[in-house]
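In order of appearance the chains are A, B, C and D, and numbering begins at 1 in each one.
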Amino acid sequence: MLRVGIIGATAYTSLELIKILLRHPEVKITYLGVRRTDRPRISDIFPTLKNLLDLKCETIEQKEVPENIDLAFITLPPTISMQYVPLFIQKSIKVIDFSADYRFRDKSLYERWYKTQHTDSKGIETAVYGLPELFREKIKKARLVGNPGCYTTATILALAPLLMKGLVFPEDIIVDAKSGVSGRGREPKEDTHYCECNENIEAYSVGGHRHSPEIEHILSMRTNQKVSIQFVPHLIPMNRGILCTIYAKPKHGMTVGANGHSPFSDHEVHKLYKEFYGNGPFIRLKEGHETPRTKDVTYTNFCDIATKVTENRIVILSAIDNLIKGASGQAVQNMNVMCGFDEKTGLL
Amino acid sequence: MLRVGIIGATAYTSLELIKILLRHPEVKITYLGVRRTDRPRISDIFPTLKNLLDLKCETIEQKEVPENIDLAFITLPPTISMQYVPLFIQKSIKVIDFSADYRFRDKSLYERWYKTQHTDSKGIETAVYGLPELFREKIKKARLVGNPGCYTTATILALAPLLMKGLVFPEDIIVDAKSGVSGRGREPKEDTHYCECNENIEAYSVGGHRHSPEIEHILSMRTNQKVSIQFVPHLIPMNRGILCTIYAKPKHGMTVGANGHSPFSDHEVHKLYKEFYGNGPFIRLKEGHETPRTKDVTYTNFCDIATKVTENRIVILSAIDNLIKGASGQAVQNMNVMCGFDEKTGLL
Amino acid sequence: MLRVGIIGATAYTSLELIKILLRHPEVKITYLGVRRTDRPRISDIFPTLKNLLDLKCETIEQKEVPENIDLAFITLPPTISMQYVPLFIQKSIKVIDFSADYRFRDKSLYERWYKTQHTDSKGIETAVYGLPELFREKIKKARLVGNPGCYTTATILALAPLLMKGLVFPEDIIVDAKSGVSGRGREPKEDTHYCECNENIEAYSVGGHRHSPEIEHILSMRTNQKVSIQFVPHLIPMNRGILCTIYAKPKHGMTVGANGHSPFSDHEVHKLYKEFYGNGPFIRLKEGHETPRTKDVTYTNFCDIATKVTENRIVILSAIDNLIKGASGQAVQNMNVMCGFDEKTGLL
Amino acid sequence: MLRVGIIGATAYTSLELIKILLRHPEVKITYLGVRRTDRPRISDIFPTLKNLLDLKCETIEQKEVPENIDLAFITLPPTISMQYVPLFIQKSIKVIDFSADYRFRDKSLYERWYKTQHTDSKGIETAVYGLPELFREKIKKARLVGNPGCYTTATILALAPLLMKGLVFPEDIIVDAKSGVSGRGREPKEDTHYCECNENIEAYSVGGHRHSPEIEHILSMRTNQKVSIQFVPHLIPMNRGILCTIYAKPKHGMTVGANGHSPFSDHEVHKLYKEFYGNGPFIRLKEGHETPRTKDVTYTNFCDIATKVTENRIVILSAIDNLIKGASGQAVQNMNVMCGFDEKTGLL
């Protein structure tokens, strides 16, 4: 049995992680760490876990590394994570970090957006970006994985095939993203008050959102071109789910419903995605006129994708559960790859 | 033009008050007071008011009474209100207070439930309970009105006819109440976080809610019997609206669908309510099998009521908008009565 | 492997059933039957199942019994079920029926409420009521189980301990029930239109709801007294979840917070429930001031219960997921008991 | 008093129309027409109107034109409207039509998208597009107004200033639109079932939505260039509200936060919009980092707009209430202009 710990156990993502791990036949949750000193039971923080997991949470304030774990999921906020991760790595504990602290290969990019000096250069160099559909081989050998952001997961999965194949321009890509409120985190703030979110939709961070540079960085690295996106996120009155509507410009003249040889027909593009994602167990491609609905992916680790070639642009729609494929499900998927389990274990 | 001020202008009830008053042909909002020192525009706090009311809010920290108002709506929390109300009364400004501070005629009852000594005995003696359907004549002559609680308005209006007529036992009355989240107020707290309220329903204050003694107190006073209720409120995933489902025990053997002479037929009970509320412009009685829906009363000052005689109990259903008939609409209705305007002005 | 079939595969409860069964290590779904002739894939009807179950649905119009199943879950509407169930019983296939057709032991009671003559008297006599917490031993030996209604499950589980122990009067029990909209079924109707349900709450079937006689019938039978309840259901703007708030009258003078020997203290009542439900894996009792929240039970087979002794009544709160413990989870729990599996299999 | 009638009185837009007109001091609702023969009271169809308007609805099946109206609001579906409108025009009754039947100046464009031959060529030639901010002078003299679509209103208002000034390319404009469910209409269908819409977001009509040609047609006409947009609408889990996020490409090199002379700074663009919309009473421009929230415009006739100049594109955000500024409020605004009332009457 792999012994796992969750450091930052009171986050919404941690609740989802626990629910998945409780079903995982190869792992046992042996440690829960929180930035509190009162040792609450996890089932007092999340009553839904009562009789499922009644473990007590230990304090991490002293920065002591638990002895009884083989792998740590770290769900602390960005700039905090990097204070803890090296301690675990030094004890030969594998780490999957949920924050942005290990997603960038370029330290300066991180520092510009998170306005903090990165304290773990070594970690940032060795960490692997935890998107198995694109980096599976690297994750297999990794000891430290930077789990991707939620919006970034949906966007990168949607764009990778077209960019890898060089079918669309890498710049002037429009990403209009929509997310449920759990993406905002658990802390009570004015903008997560029920009456501020309910019966309302609004855009935010229009000037620049932290996921923008992450998306551009990873896609540029992986597809060898300078990717530049326009990213506008919106808050939707629902608990969970992300839908990204992406508009990319085809490199050659487009044809709508053309013969089987033009790369810019719905048929050909669909085929491209099918081949690119092969047997990747968590990518589902919609057929015909169907578009992805977040309700079909919530509570699952699936990413549903649809593509539509129109007169001017290729529209790609991509739906995930921000807490699962956008965080905890993906983390378990990474763990499965790192530890040699079937990639679907605990997730289907 | 009657000049009105709102003291506590950042509350949800204040926003509703402003929207109603802007439509009222006889009044002008000349003063907004807040417990802040930064003099924000009200339309910065409530962007929906931009171009409708851009007045700046004045600080009330110094407890100075504005000179330019004839009537004050005070929307401060309980125990705070009573520090301000006497100052206004002394300046001959009429006051409608939204808190519980002036709802009780019995000081000790207030002190037991709000755990604070009441500092304005004189006010508590002279104040009138602001439920026009029951206390219209007193309100006409009042200088100080204690605006009722939201749950209490719905419950008292539902029960008054049956209790006045002595048709039901005044004890063992069950009141199962349901309210939208705006009833919780504007301050961000764990239990008003969108993800805690959405897709969820729960009861609270099961042991005793502050509206319980208020309901019993007012109904006992008005109907000359010792009224005792069992009151359990629930939080519903919607912005606004209250539905109370009330179960009262008929005093004599009941008859379901009987002849026209038994007082306990749907027909007779309906007639009783019709006569009791006469031309009260804001009570609407449902007919036949229709039950009140909160969506039919939200954004209005109506209270929709239905009664159903069953084998064992009389069931009364009562729906209001907690922010309007449960607070701000009722306050304007009280103002209309106090100032000699048609009771419906600004409200229909 | 136990081979199971679902007859009526397009219902919301069928989707939940499939999701649970896909995780059940002892069963395999080998047959899906629908009242259609076009043989759709189940993943076309429920896109969330794509890549999880792509089985085609067979028509049941001809009333042919499939050869490849050992146990059938029948999710057809009441009065339709009883046309199919006997066909399966005759072929020695175990049946768990979701409708009301096999819940009553008294045929006339069924016929009065469902206004249809029951065509399977033998079935009605031999069927067992599928509430394991109360009827586990009978279910073990049953070949035909009538799966309880959703409201009835929540209500019976809440009241059984107090009634069995004779601590409350069996009449004048008030049951105020609240349910999410999935309880209304999948068919588009005016009253399930998003805009009619959202931001609204209303009571319905105030005069009498079909679950009323079912609750009274089962509780009367099981506790040997004539139980009579006042049941009023309400529609809540959420997908799923049921909360019942129940008010029962204690048989002796009540005491609030009394010594440890009075049966009517919170402590003693809590103890009674703990003993009554013993190791029943799906009943969770709330402690202290906590009340059940539907969000803690949705997507689980748990029933969370809290009890509160007040001056006048004992208030019992009971929360379940109407689709899981109120239908499909309970059905799998029954299957586990009937087939000798651990009762929790597939459900935790 | 202007006597008005509503033909198609059971639509959601008709309910909103009635609520606005009941507050309008210059008009009286004298006629309600429906495609039914049972003469229901409007307050039976919309219980919220009880005691506000209890008028009976007359049948329009015989196509008789009522004698007692001066102006007709026609809220019938497209292709049906055009069967009725000429009858009213012939009787010198002014008409404001809510459908698409009179929005296009090009008959062939209408016929291509609505797949029906237009039967009222004369009407289509003389009708005026009912967007006062752009066509006020024409509306003043109009006898027949085609009330714009909801998405089109939000989009055209957002883009007009930039296109009129020639600051952005008229092609490759991306319009990502989001709407509440009332935009789908009142009829119960699978895709408006509460459980299908709640906790979900999805795109639809990705290949082409009927509002696309309308937007291009009107903007092309008004700004004298061939405007081509990519339009993707999405269904949002809320009752009402539309947010459009629009991405337009600036014609010259862009500068972020430049000096006051470049036309492509936030400051200059904001100034452009301010000048363009002048004293138009219903356009509100957001300042600084604020973005439009649909909750600030619902239940009002306002359109809130924000513009943001980014590295690559100009992002314009536009929020309206689909039922008010997107339909009924705009219709009353048009009526005010047509009949010489202050444009804000009944709307503020």
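The working rule: contacts are C-beta pairs under 8 Å (C-beta built on N, C-alpha and C of every residue); 3 or more make two chains touch, one makes a residue touch a chain.
None of these values were measured; they are calculated from a predicted model.
Ranked by distance of CA centroids from chain A, the top chain is B. Homomeric contact chain A/chain B is classed as same-residue, with over half of its interface positions used by both copies. Once the centre of each chain is set as its mean CA position, chain A and chain C turn out to be 37 Å apart. Averaged C-alpha coordinates put the centre of chain A at 47 Å from the centre of chain B. Distance from the chain A centre to the chain D centre is 38 Å, each centre being the mean of its Cα atoms.
Shared interface positions of chain B, i.e. residues touching 2 or more other chains, are given as 196, 198-199, 237-239, 293, 295.
For chain B in complex with chain D, the residues that touch the partner chain are 22-23, 47-48, 50-52, 199, 281, 284, 290, 293, 295-297, 299-300, 302, 304, 348. Chain A contributes residues 171-172, 174, 176, 178, 180, 196, 198-204, 206-208, 228, 230, 232, 234, 236-241, 243, 245, 247, 249, 289, 291-295, 298, 306, 308, 310-313, 315, 317, 319 to its touches with chain D in the complex. The residues of chain D lying in touch with chain C in their complex are 12, 181-182, 186, 188-190, 192-199, 237-239.
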